[in-house]
Amino acid sequence: MTEAGISDEIKAMIGTMTEPSIMEVERGAIRRFADAIGDPNPLYKDIEYAKNSRYGEMVCPIGFFGWPIKGGGLEQMMGMIMPAMIKAGLFRILDGGVDYEFFIPIHAGDTLTSYGKVADIREREGKSGKMLFITMEQTYLNQNGDKAAVARATIIAR
Amino acid sequence: MTQEGSIITDEMKALIGVEGSPTVFEVETGAIKMFAEAIDDPNPLWQDEDYAKKTKYGGIIAPPVFLCSPRAGIGKGVQMKSPFFRVLAGGDELEYLKPIRLGDTITAVGKIAEYNEREGKRGKMLFTIIETTFKNQHDEVVVIGRSTYISY
Amino acid sequence: MAEKQIYYEDVEVGSEVTPIAKVASTLMLVKWAGASGDFNPLHFDDNFAATQGTGGIIVHGALKRSWLGHLISAWAGDEGYVKKFSCQYRGMDYPRRMASMMDPAEGETWWCKGAVTNKYVEDDQHVVECEIWVENGQGEKTTPGSATVILPSKKAKK
Amino acid sequence: MARQLYYEDVEVGMDIPPLVKQPTTKQLVQWAGASGDYYELHYDKDFAQAQGFPNVVVHGKLKFGLLGQLLTDWIGEEGSIKKLGCSYRGIDHPGENLVCKGKATNKYVADGEHIVECEIWAENSKGEKTTPGNATVTLPSRG
């Protein structure tokens, strides 16, 4: 693997952050979510049950990040990176998947602030030529400023 | 007494006025937004807090037909009886007493208000009118809905 | 949850994550669109899907991801905690059509499954790593993934 | 928003500015999500065809929602709706034009309120009123 092949323009984007976006977590959104995926857990629909649980309020299901909680400026980051990639002749984009890491539960009524960061850009020589692995990190903070979750999305460009 | 030839039985009449199980619905930003987007109604009164503050309402309110949905509980929880199998929604009527405000918790309770029968092209038809009363968290009636269901 | 809480001591490497069956009906896809806010017509409009080369309307990847979220959070129980979670979208899935108002037509049922791949204690946390996946009626893993779960320990229980 | 409408601006027989809509399959799915009405007739084409319809059908209550917009657009922020109702008489399909229209049928002052009664409806491209209804609104007065 060689780092030399990445243009300075692309390399300079590592560490770039997006504007924060703000989302409110509503009970109705959690209910619609649980109903849609067929998850009968009362933590997602029954306020009384949730209040008596160790969470004290309805909580977000695991799959809640990505959809409907988007944010984090994924599109904004892509918008910043794309022109440089196109210039480098890397048009084909593959979704390399998203990893989630959770730190504290997110409750209905929480206000999440998220921001995105271009965490890493690596170059690899694949069978069909040069490939770029771009890792974009989205961090979600709750209203107390505590880190609630981090999503790491990888985009492969070739 | 059941009238001669009437399809409305005493058993059905006994259901008039019996209140159904309540539906509780929170008027949240997301719910109003979904509604406004579904009918493609860009009125800032439904979504823009800064704008809505300056109006006579002093804050975001819901569009007029907002509570006319199964999610908000219109016509829900009411035991219906009909000699016929097929049911059509015939129409809805809403009466407004108070604005529906963002943040309200609305409790809907329905009941059968009346029956009517009519002779249609394909025989008898039963019109069941369900009245749904929507109250806010201050126990004020905000909307009364009258929904007509036609079975035939 | 009404189900019995699982403890760290209950699982071994190779233990099965309690499977969950899902039926991706057109009804579920429409509910998901509403819950997620993803209204791409590829997931509900036959005429549109016919122009996209997918062979018909397809199940949202994020819906399958959320099923896996259901699988792992239901298994971890109220006392457990999902720490890390990821999955990849490898294959397309087609929803079941509805034969009547209540029942989907004959066709496949999807299974969300998983197995424990590792267990260890770290920083006083009882960590269990799992491989998870969604498989279609032909047994193909269309959505493989992994999860890291913190489980309660019987030893810590008084 | 548009200029505020006043009671004095309204004459019996005058038209409410029409609202042209063309519900899409996306809107029907959005409506299902917003209303919780998940009846397959409104999004599953195979299901709709099995029921004898050429395509999926626009929810009646969605059309009612459009009539609500017709009125709120017309009466402005100072106006209020007292009553609003409609009947579901005909079927509409997504992708087809649906024009919401109305006219003032009566106006009077009662208990200090300036009241206007209207006939409202949604009509299809053939001019058929698939969703006729009525509304009672109050408007501010210049007097």
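By written order: A, B, C and D. Residues from 1 in each chain.
Everything that follows uses one rule, which is that a residue touches a chain if its C-beta (ideal position, glycine included) is under 8 Å from a C-beta of that chain, and two chains touch if they have at least 3 such contacts.
Being a predicted model, the structure only gives us computed values, none of them experimental.
Placing every chain at the mean of its C-alpha atoms, the farthest one from chain B is found to be A. Across A-C and A-B, it is A-C that has more C-beta pairs touching.
Note: centroid distance chain A to chain C, computed from Cα atoms, is 19 Å.
Annotation: 40 Å between the Cα-based centres of chain A and chain D.
The distance from the centre of chain B to the centre of chain C, with each centre set as the mean of the Cα atoms, comes to 36 Å. Among the residues of chain C, those touching two or more other chains are numbered 31, 34-35.
Along chain B, residues 31, 34 each make contact with two or more other chains. Within chain A, the positions touching two or more other chains are listed as 29, 32. Taken as a graph of touching chains, this assembly forms a single closed ring in which every chain touches exactly two others. Applying the touch definition to every pair of chains gives A-B, A-C, B-D, C-D. Interface residues of chain A facing chain C in the complex, by the touch rule stated above, are 29, 32-33, 35-39, 41-43, 53-54, 61-64, 66-68, 70, 95, 97-102. The touching residues of chain B, counted against chain D in their complex, run 31, 34-35, 37-41, 43-45, 55-57, 63-65, 68-71, 88-96, 146, 148.
Touching chain D in their complex are the following residues of chain C: 26-27, 30-31, 33-35, 39, 41, 44-46, 48, 97-99, 101.
Interface residues of chain D, counted against chain B in their complex, comprise 1, 21, 27, 30-31, 33-37, 60-62, 64-69, 71-73, 77-78, 80-88, 133. Only residues 26, 28-31 of chain B touch chain A when the two sit together in their complex.
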